[in-house]
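These are the structures in question, set out in turn.
After this come two complexes, each holding subunit A, first together with subunit B and then together with subunit C.
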Partner chain A sequence: MTIHRDDLGDKFGMWLFIFTELLLFGMLFVVYAVYRSMHPEAFRIGGQELDVAMGAINTVILLVSSMTVAMSLTAMQKGDKTKCLQLLGATLLLAVIFLVNKYFEWGTKFEYGLVPGSETLQELGHGTILFFGLYFFMTGVHALHILIGIGLFIFVIVKVKKGDVHKTDYIWIENTGLYWHLVDLIWIFLFPLFYLIH
Partner chain B sequence: MSEENTQKHKSFLEYQGKYKGILGWILSTDHKRIGLLYLYTMLFFFSLAAIIGLLMKTQLIAPGHTIMGPQTYNSLFTLHGIIMIFIIVIPGLPAVFGNFFLPIMIGAKDVAFPRINLLSWWVYIIGIMIVLTSQFLGDGPPDTGWTFYAPYSFRTPTNVLPAVFGAFVMGFSSILTGINFVVTIHRMRAPGMSWLKMPLFPWTLYGTAWIQILATPVIGITLLLIIAERTLGIGFFDPALGGDPILYQHLFWIYSHPAVYIMILPAMGVISEVIPVFSRKGIYGYKAIVLSTMAIAFVGYFVWGHHMFTSGMSGRALYTFSFLTFLVAIPSAIKVFNWVATMHKGSIHMHTPFYWAVSFLFVFMIGGLSGLVLGSLATNVHLHDTHFVVAHFHFIVFGGTGFAFMSALHYWFPKMFGRKYDEVWANLGWGVFFMGFLSLYLPMFLLGMRGMPRRYYDYLPEFHGANIASSLGAWVMVAGILIIFANLIWSARHGKKTSEKNTWGGKTLEWQVDTPPSLENFDEIPTITKQPYDYSDHSEKLNQ
Partner chain C sequence: MTNDEKTHIVPYKTQITVLIVLIILTAISVAVTQLEFGNMNTLVAMVLAGTKSFIVLAWFMHLKYEKKLFPIMVTSVVILFLLVLFVTFFDYSYR
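For the complex of A and B:
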């Protein structure tokens, strides 16, 4: 059977998948909007409990990683395999650092008992329960996407090393990059909604 | 037709790929084999869920405890719903006939992503396995109904988690199939096949695939929220923690109403294929059917609120949803009009697929009009959560999608298996099934109007008469199913072999390839110059 190759088709498929991701998070944003309008005061106080510096650092990390993955694609298009691998490695590293930061950030919340189901939260009232429920659920689903991204980057790095992805066939880098930009974009919305709006 | 019986290649059924035996099937990326894998899975689970339905109807043949108690009845209608909705009608026609015939009908060798296609079958099977564990593990099978309404779905001690998670996993399968079909249709149509030369079944698959892509993520996240609610107590739908159960209903129906169109659109596509072929006449109003398909897919998005008229919404929301619901009826009615107009002055050939198609029109009309009764605000308050609703959606989902599925199965059977089935038995099966179907579901309209609620194992004595008719109908219908399945299964193994390319006189591409098709479908990709249903040669013959 002749090998069917259609890069535009592959990219189209990826965009469709991105639509599904946007709708998935879109519904969470709807839930957020509903409960924020019901409990504006509790959401304001909840936002102040979060660590803006940590969130800002993670935002910068994700933005830079989006840049490095885009640069790795250009490197591959120019045929520079070594530079491509370095840049993909840098992206992978940044993704891991993001999760490490997240771990410490969540850890602090656990220390204070600001976790769904805890007694501390029960005493703080409905708005706060919902705020931290949303915070953990939405950043949690986002972190899951970072984890999937890490898996994808390892996969792509192996493919580049083996030579399956090369100067004339780089759709894997392109589609992984698209996915990574999506993960980045979601964070760009999560960050102000939870950390900045007071 | 000198080209008949001159097959150059082995059929896809005989082709020996990388693996032998069963592995050659469950690891095959051939769209035709994947279609059949879905078919076998669905027929198995359909039989299971039909038996469950039969047990429920037998329980309802008399008031009180007949063969089961309330808890068993609750878990049975839950399982019946989950299997029928998530395992059968949602993947339904696209997964079986879409996979098998979409590439052939648009002149392609396979779908755009064959490996993802196989993956989606595997994801589907894994989802089914997870759902089934809910029946055996934990504290008893779930009893929430397939809708998993909050807050009961996280209060009930029964084993809801695997059922919800399994449905979530199956959503991925649906999304992957949707993406695959949209890209296939955009990128792989044969040269010359412009959008308006594409047959109608692929068109409806296109509309369906978009709904699968845009609606399924919503149920995905909603089911995840239910899981988080049960395991972590995040409180989004729990009034005790400040959450709102009505919000769950909104999120659930934002997907589950468009899902109704995932079920019915491909069914309409099949009917649009079958009717012109057996009328030997071009489809009436091709463009109107295409437009109405896309209109249904679009407007179907904004009507979810009509499931919640009694749940508590503002008056403005109520009549907006009611109005939009009435709007959806228009494109559906346009289609019915077009099908009937296609038959008008056609040269009708009565064969099994056509019997199913015509009876589809009959039951679809009843189902659709009863839907308008439910879409009106005042009557809805009276009929909400009664047997009237059960009758309505069985007329649409079973009468609509089910009849179209049977029509498609009998229409494409010779092409898929290279064998003929016994038409006398097939017609008999149809007749028994149809009579049983009407006797089973028509009395439910009456029961609902008189106030018999749904989802109870028991009822007041005054409902007894109609329930006897309904339960007897269930037995007749299952007898019909047995005849149909026995005939088809026997024919698939021992039926008369045929390599006749064009069994029914169809004009679409699947009737120009080998029977059964070869691995690559086409030796040479055809160039399309004509409309898909061009019967002008036939009418010339008639005029001579």
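For the complex of A and C:
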């Protein structure tokens, strides 16, 4: 008995999901653009409060993890299960490191009271409140996607280990990879728009 | 069944090259923040981010190797987003 499979359909569905995600973050970027055009000075000062080095390190971490997940697909297509598992494991580790960095980064902001609703922020004015509100919301929704990605990687690693995902059936790796690249894509825009405001 | 099509396996070497290019572009985008282009700074940053996105979409997300339908869909969504951005600013500037 052959099991019906439709890899192209699976991939098509994944792309449709990615479009909904792009529009979700896209609309947040529209909100950002409008508020920044209304409060350019507050956004510039707010941006300088963020740690460029930390942001840059996290950018590189995500870019490297994008490569390792892309390579894990190549490894599986070549039938190299061990290498595929190593690369998926590396991606998982990088995702965790990203979140750890984020934890310390947010922690510093909390120490300085640069948190939505805090008294410090109330005194800094409307534009700064909007900047940090958007910063926490957008990087927060992004971090939530990283967390979901971590769950997905664990799931796929188990599937590969059990042999459910193999040389001729690797759509799980492909679609998880697509999801992960999306998370990377969003960060590619978050980084300059928050950390690199001139 | 659509699984009997020839799949394109992206070589490891290509993926390493793509990563190096992406990291160089990131370094450039951090470096240009020090320069003064006035209002052009944001534009420069967005052009660099756009270039990086294109590279991620084309190579890492395999759009370069997929059926034409996929890149067409992605382009349409990007155009839709840019239209929304344009209409929003049009609204804000002339109300």
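In this section, the second predicted complex is superposed on the first by the 195 of 198 C-alpha atoms of A that agree within 3 Å, B and C clash if a C-alpha of one lies under 4 Å from a C-alpha of the other, contacts with A are read in each partner's own complex, and residues count from 1 in each chain.
Basically, contacts are C-beta pairs under 8 Å (C-beta built on N, C-alpha and C of every residue); 3 or more make two chains touch, one makes a residue touch a chain.
Owing to the predicted nature of the structure, the values given are computational and were not obtained by experimental measurement.
Chemist: State whether A:Met71 touches subunit B only (first), subunit C only (second), both chains, or neither.
Modeler: So A:Met71 only meets subunit C here.
Chemist: Identify the partner contact of A:Glu21: answer first if only subunit B is touched, second if only subunit C is, both if each is, neither if none is.
Modeler: Touch partner of A:Glu21: subunit B, not subunit C.
Chemist: Counting touched residues of subunit A, say whether subunit B or subunit C comes out ahead.
Modeler: Touching more of subunit A: C.
Chemist: Check the residue A:Gly9 against both partner chains and state whether it touches subunit B (first), subunit C (second), both, or neither.
Modeler: It touches subunit B and subunit C both.
Chemist: Once chain A of both complexes is superposed, is A:Phe189 in touch with subunit B (first), subunit C (second), both, or neither?
Modeler: Only subunit C is touched by A:Phe189; subunit B is not.
Chemist: According to the stated criteria, A:Leu63 is in contact with first (subunit B), second (subunit C), both, or neither; which is it?
Modeler: Second partner only.
Chemist: After the superposition on A, what does A:His181 contact: first (subunit B), second (subunit C), both or neither?
Modeler: A:His181: touches subunit C, not subunit B.
Chemist: By the touch definition at the top of the document, which applies to A:His198: first (subunit B), second (subunit C), both, or neither?
Modeler: second
Chemist: After superposition on the shared chain, which partner residues are touched by A:Gln86: those of subunit B (first), subunit C (second), both, or neither?
Modeler: So A:Gln86 meets neither subunit B nor subunit C here.
Chemist: Is A:Val34 touching the first partner subunit B, the second partner subunit C, both, or neither of them?
Modeler: Both partners, subunit B and subunit C.
Chemist: Shared contact residues on subunit A, subunit B side and subunit C side combined as an intersection?
Modeler: Common to the two interfaces on subunit A: residues 4, 6, 8-9, 19, 23, 27, 30, 34.
Chemist: Give every residue of subunit C touching subunit A within the complex, in rising order.
Modeler: Per the touch definition, subunit C meets subunit A at residues 1-3, 5, 7, 9-12, 15-16, 18-19, 22-23, 26, 29-30, 33, 36-37, 41-42, 45-46, 48-49, 52-53, 56-57, 59-61, 67, 70, 73-74, 77, 80-81, 84-85, 88-89, 92.
Chemist: In the complex, go through subunit A and note every residue touching subunit C.
Modeler: 4-9, 15, 19, 22-23, 26-27, 29-30, 33-34, 37, 52, 56, 59-60, 63-64, 66-67, 70-71, 73-74, 77-78, 168, 177-178, 181, 184-185, 188-189, 191-193, 196-198
Chemist: Which of the residues in subunit B end up touching subunit A in this complex?
Modeler: Residues in contact with subunit A: 109-110, 112-113, 116, 175, 178-180, 182-183, 186-188, 213-218, 220-222, 224-225, 228, 232-236, 241-244, 247, 251, 254, 519-520.
Chemist: Residues of subunit A touching subunit B in their complex?
Modeler: My answer: residues 1, 4, 6, 8-9, 12-13, 16-17, 19-21, 23-25, 27-28, 30-31, 34-35, 39, 116-117, 125-127, 129-130, 133-134, 136-137, 141.
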